[in-house]
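Paired with chain B in one complex and with chain C in the other, chain A is shared by the two complexes that follow.
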Partner chain A sequence: MKLSYVIKRVLYSLFVFAVVITLNFFIPRIGVADPAERYYPPQGNMSDIEYEIVKQLTREQYGFHVSTWQQYLNYLKGLARGDLGTSFRPGSPKVMDLITERLPWTLVLSVSTMLIGLIVGVLFGVVAAVKRGRWQDTLLLNASTVMVALPSFFIALILSFYLGFEWEIFPAYTDSTMVSEFAWTWEGISRVARNAALPVMSMMVGSIISYAQGTRNAVIAVTNEDFVLTARAKGLKTSTIRYKHILRNSLLPIVTSLGMSISGLIGGQVVIEQVFNWQGMGTLFLEANQTNDYPLMMGIMLLLSGFTIFAILVTDLIYVLLDPRVTVGDKR
Partner chain B sequence: MTKRLMLLLLVGLLVVPLAGCQGGRGSHRPDPNTLYVGSVQSSFPSAYMPWLSREGIAPTIAGMLYDSLFSYDEVTDSYLPAIGKEWYYVDEDGEPILTADGSIDYARLEEIYSDPKYDYLAVKVVIHDNITWSDGVPLTVEDIYYSFDLAANHALSNHAGALAWTSDLKHKYTNGVLVQKGIFTYERGALEQGYYIAPDEKDTVIYFHVNKVLGAVTPLFTSVLILPRHIWEPVVTPQNQLNSSAPNEELLYRYTHPVGSGAWVLDTEQSGSQQIVLHRRKDYHLTKDDGSPLYAVDTIKFVLYQEQNVAIYALLKGHIDVLDSSVSSNYLLLFAKEKDLFVCNAPGTFTQTLVFNLNPVTSERNPMRNLLANAEFRKAMALAINQDELIKNVLDGAGVWASAGLMRPTLEEFYNPQADSLLPSDYEQRLALANSILDQIAPDKDGDGYRLLNGQRISFKILGTPREQDVVSFLQIQFQKIGIDVQYAPKGAQPESTYLYTSKFDLTLQGVIFSLSNVDIMYPAHFSTLGRTSNYGRLVNEQLNAAIEEMRYTLNLNRKYELIKQIQPMIAQVYYKVPLYTANVISVARTDRFTGYQVVEGATVLNSASLQNLRRVEGR
Partner chain C sequence: MKRLWMGVKRRIKGAGELLAKIWAHKQGKVGLIMVSLLVLVAIFAPYIAPYDPYDVSQRTTKGLPPSREHLLGTTINTGQDIFSMLVYGTRVSLLVGVTSGVCIAFVGSLLGVAAGYLGGAVDNLIMRIVDIMLVIPTLPLVIVLTNVLGRDFWIIILIFVALGWTGLARTIRSLVLVLKNTNYVKAAELAGASRWQIMTRHILPGTSHLVIMSTALSSAGIMVAEAGLSFLGLGDPTAISWGKMLAEAQSGGALLFGAWWWILAPGLGIFLAVFGFMRLGLVLEEIANPRMKRTSSVYKLFRSLDSSYIEEVFRSMDDYTKIGVPEATYGGGQSHGTGFEA
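Right after this comes the complex of A and B.
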């Protein structure tokens, strides 16, 4: 891999991130004459004079009393110190603290879902491709069609009602002390696993189908390539052709898909988290939205954007490692 | 190979379920003395500084941990004891202005305070002498002085709501300097002001100077939760304000470890973002008449649910005792099939109204909206509204008819039936009258029967939330009968700044609640004041304004009540905020462990009366 290519990609990513930071600061302010009004909407029992005093206090408290450019500079200074700002919540917690509190729990769900989805999905995909036209393949294709039509919240509610409430096989929703009493012990970890079972199952169905379908299509496409025909003509064993030649060469689209999934790891799944009472990033963003807590919204958006840019950068670099022919942006 | 892969796949799929299987199927409500309450929220708060608690469950919890001076009973228009035991309007010597039977002598009050030398009313409050904070320290009037003084001092409290609550208190700060003193205790200038307090009353008697309106005491008595001075005074400074955007550790500790005077105390060990545990204080000063504890339950555990269907199912399956959220009337059929359920179908206090934009700012005027400026046109639309049909179809019957005067008929002492005798009650008659009025204003109709204005169909958009679409649909049917077209328009996230304050709407749905405790503030806000108030349609009606002003400023309570009754037909007659219905508050509780739930107007089943009356079911 060329060093110049890596430097170019990194610089490009940094530029995009700088644009994102700027947009992230200015977009919430578009159409808002006074941010203090977002924090403190007019109250029925306040006169205009009282409301003006209230807004002035709010502006000073949250730094809205200086010019927008000064606010932007203060925002950049804060970011340089790793400070994403102060939430509007009671007690004025730091946005970073709120995010670090929730992020691990979102990662528990999303990483488990991604790993299970990847492993099982790739296996399914390979089987479906190898057994093309047979029941395994038909099952995958039909399952894909059904999954497209079934929203995840529906699956979540069905699983919660039947496997949770009715048959009591899994907890129907998260144990209310799971987070507060968590400890790195076997009991603590198995408790998290118990509580995560249904949310992960709700999410992994779609994930498995998605990876399986991607793998199936990639494997079938590669199977028809000339080099596979050559390998067959050379008399290589079927398993060698399948796993050394076909599967390895089918990895590129899977890596792309994985890169995209990684960027979505920290965003959380609002509906799944809601149904199962899971205190993750999705519900944190929802709460921020419902309460007009836009320092928190900005913090989450920045983190998501930054992580997505990073994931795309890593994917691009891995892509080049896997296929040295890829030189995006190189005009030679 | 394929077989091996399939085997691996099966093993993989089994691992997750095995890891997730329930260890046991123990009871979801293991403690017999704990009331398990489900609450539908996105998250529970972690900070319980009472004045900062204004969203979700936070105000409910703050109200259980802390007390105000009094609570208000709107049916009798009286203040019930909390921290305060009794209160009086007093003369300049601090003597109560009472009649022979011990009630407030409003005639003398008016006589004394009509003297222009007074720009205030003096109020004496006597508090209970046996109150302690949850850390055991006695509560005295110095705590009350501190709380009100802090609320009025922006430099220390930096709290927006506190400004509104204390706006009628004649105790003012400018840039952290006390410029007008309006609170007096034994140790803080009562004697100098002429109010004698005996030494043995020094911890229990406090005087306030408030604005010269009868409603001034309401927010002071009921909205300001009293803070413990010994907890907050050492840490609250101009640099470390009570409501700080960067609270230091000492403040944060106090936010998360509340010390209150309420009947309940927070279990900080067990409480978190998904559950809140409150224990009943054994030494709470208020008891039942027989001396037994006011509340029968020892512990309340609030459990978070983020999705209402899951919470309802959790209740039906016995995971919780009570669901502390109102639910849609759609669930009534589901509940009817269940055993051991108490469905609380409480009369509501919130009236849904249709608001006309009758006086838009000049730039937002157009021929259609000009129609809404015509009182006869609005009257015709009001006539076409069939509340019974709306209650039947929109609320599945779980609601009651609302008065055109917008005062609830259940407030028997104050409701004026005259407001509802202005229009005929028979719907066919109403439609005939509405059509005859409109035939004068816009007689031409298009092929579909809709009336025309300058060749254009008369059509209005009604702003509402997505949940209110069905109301608009049924209104569409009703207005169709008089040839007027209405369409739903989404309100969006910030309707006030986007549409309502800027006159950019035709009609909007608005919930209103008027009671004796709020008319001083709410009548002007809804019907008089222009600007950023709830008077979205910018009504200007001098007669109504004059009545509202007189009602606010009279010191004669009987006259005030009389004016409240007079104002109701005036409100009805302007056809500005036309009532659609008052929805019931539907909530539900299980009766297999506790019974005695009480139905309280406007409240869910988890109300103070229920908590006082609950009793364990024997043998369970």
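Right after this comes the complex of A and C.
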């Protein structure tokens, strides 16, 4: 039963991934007959013949000269080898190389945001759940409604204005040489930390509050379960019930959701990276958008979606393996 | 004709009652006032704005701090009156937010009801689409689509609707799975009502509270998303919007020259609009079901139901909570956030 569920689940994830890949291939081709036109839009100063020649060269360089179906197959073949395609940038770098260069810098921001959010948020959420209806709880509710209405880039601008420009506590823009001069020394790391301070702070508040809200709801939901009542009826100490019964059961979904939230986090981080000129995947994506570099854009999208699919799959499987209460229905 | 008139009259009466209920709620009053104020500002923008927001030729008024003449100061590089820009920005924000919110409500409830009631292949298809859209990162996808399809105002709304209906459809579907086993639906089936009639006459009204609430909440979410998009310079290039004002403030040197008013004004505009709509949405949720309080709607839902149907809900809940986690991390208590909040 369990094994068949695992197989089914893996196959389903592969199916979703296949659809995402197909969408990735076709979205840039919406509305144009010839992908070369996306790469090289008609220029005013160029005669028709010159433009045709340029397009023909582009087609051959990027493999657009074969039929769409063949291109799709080539794309799949490339993916199977871990090749996300070739960027439209001068020098035709591989998309994979561009991404791996920027990925660590993006992860610096998102992982630290997530960790701070998780630790502080869970603490706060537990407090709010325990003190349900008192001021701690009300504070959380009000803070979360306020935070959802405040866009992160606005917070980023405010922080950069006061902490960056007015009081000069943290750099308001990322050093342009931070990435190129990075070394695994104390100085290199502290420099990254200083530069990351404002971006992380602008995303952190929202992250803390959402984890806190999630924890609060989960803890309260578990508190209402029958087994907690049973434990109480057995006469266990309140603290034992709290830590052994309630916390353990309510933290499982939160911890397992980490994997899923990270790619959403990276997606939302695009704006923050832009504000602070942080050289991560977000700015890479925006650069790609400005230059109509579709292979690069779709490569980043594919990577993020693939990661989410994987994270959802792992989370689901962990649930099945760990939690005996999750019964596997026939529906999916 | 008479029947139609009676229907209209009943709708108006219902809407009036709803408004009265919101008004009676303390926080609902706040939300309602904020939202109606915004609507008025958006409609009468030309009469409210003291200056022409598009006028970039005022060389004498560059970078003025807030004063009696320029309530929120002026911009540094072009000398535009920020208060007037803010007033005009209401139009874009509200129009994109509310139009998308209403369309999302329409599409989401239709597909949700179809998936829940018809089941089988339809359900399978719709829910698979939902699953697929859940894994693609939203903001990057919006950016790619604006790149491919263009950045026209209506295209942006279309993209938001196309990507925003999934959360609502999921929630509605779980509710419909319960409703379709209720006695009155069974009775209607036995009486020989067609499936279309049952869906529109008997099931859809049962989901109306969710739909109304989600319109308010997704409008709020779309407003934030639109602000983010225009902040990145990817919104409609011809319109004045709050996100674009923030972007111009950053690139125009507001940070460098200490023009705090230039940053605060559009930010507060976004905040007030989104906050007003959210308040309204949350209050509507409370009015719709006073027993549900401050946990996710679906969870609340099955607690207030007849126990014999809980299992079915729980099954749909199960993949809801598992896959729906990103939603829970966004909107705090709301389980059907649009997922657009950047």
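Rule of thumb we're sticking to: the second predicted complex is superposed on the first by the 312 of 332 C-alpha atoms of A that agree within 3 Å, B and C clash if a C-alpha of one lies under 4 Å from a C-alpha of the other, contacts with A are read in each partner's own complex, and residues count from 1 in each chain.
Everything below uses one rule, namely that a contact is a pair of C-beta atoms (placed from the backbone, for glycine too) under 8 Å apart; a residue touches a chain by one contact, two chains touch by 3 or more.
These figures come from a predicted structure and were not determined experimentally.
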| item | value |
| --- | --- |
| Chain A as common anchor, with chain B and chain C clashing or fitting | clash |
| Partner chain(s) touched by A:I266 [first = chain B, second = chain C, both, neither] | second |
| Which superposed partner A:K131 touches (first chain B, second chain C, both, neither) | first |
| First (chain B), second (chain C), both or neither touched by A:I53 | first |
| Touched partner set for A:A172, first chain B, second chain C, both or neither | both |
| First (chain B), second (chain C), both or neither touched by A:V122 | neither |
| Touching partner for A:V275 - first (chain B), second (chain C), both, neither | both |
| First (chain B), second (chain C), both or neither touched by A:E37 | first |
| Contacts of A:S160 with chain B and chain C, given as first, second, both or neither | both |
| Which superposed partner A:T283 touches (first chain B, second chain C, both, neither) | first |
| Clash-bearing segment of chain B relative to chain C, given 201-209, 327-335, 363-371 or 381-389 | 327-335 |
| Footprint overlap on chain A, where chain B in one structure and chain C in the other make contact | 157, 160-161, 165, 172, 274-275, 286 |
| Contact set on chain B toward chain A in their complex | 1-2, 5-6, 8-9, 12-13, 16-17, 19-23, 25, 42-43, 45-49, 52-55, 58, 154, 158-161, 163-164, 167, 219, 243-247, 252, 255-256, 270, 272-275, 303-307, 309-310, 313-314, 317, 319, 494, 496-497, 518, 521-522, 525, 529, 531-534 |
| Touch list for chain A against partner chain C, complex | 16, 19-20, 23, 27-28, 30-31, 141, 144-154, 157-158, 160-161, 164-166, 172, 209-211, 213-214, 217, 220-221, 253, 257, 260-261, 263-264, 266-268, 270-271, 274-275, 285-286, 289, 292, 297-298, 300-301, 304-305, 308-309, 312, 315-316, 319, 326, 329, 331-332 |
| Chain A to chain B touching residues, read off their complex | 33, 37-38, 40-48, 50-51, 53-54, 57-58, 61-62, 86, 89-93, 116, 119-120, 123-124, 126-127, 130-131, 157, 160-161, 165, 168-174, 176-180, 190, 193-198, 200-201, 204, 239, 273-277, 279, 283-284, 286-287, 290-291 |
| Complex interface listing, chain C residues touching chain A | 128, 131-132, 134-141, 143-145, 147-149, 220, 224, 227-228, 231-232, 234, 246, 249-250, 254-256, 258, 260, 263-264, 266-267, 270-271, 274-275, 278-279, 282, 294-296, 299, 315, 318-319, 321-323, 325-326, 328-333, 339, 341-342 |
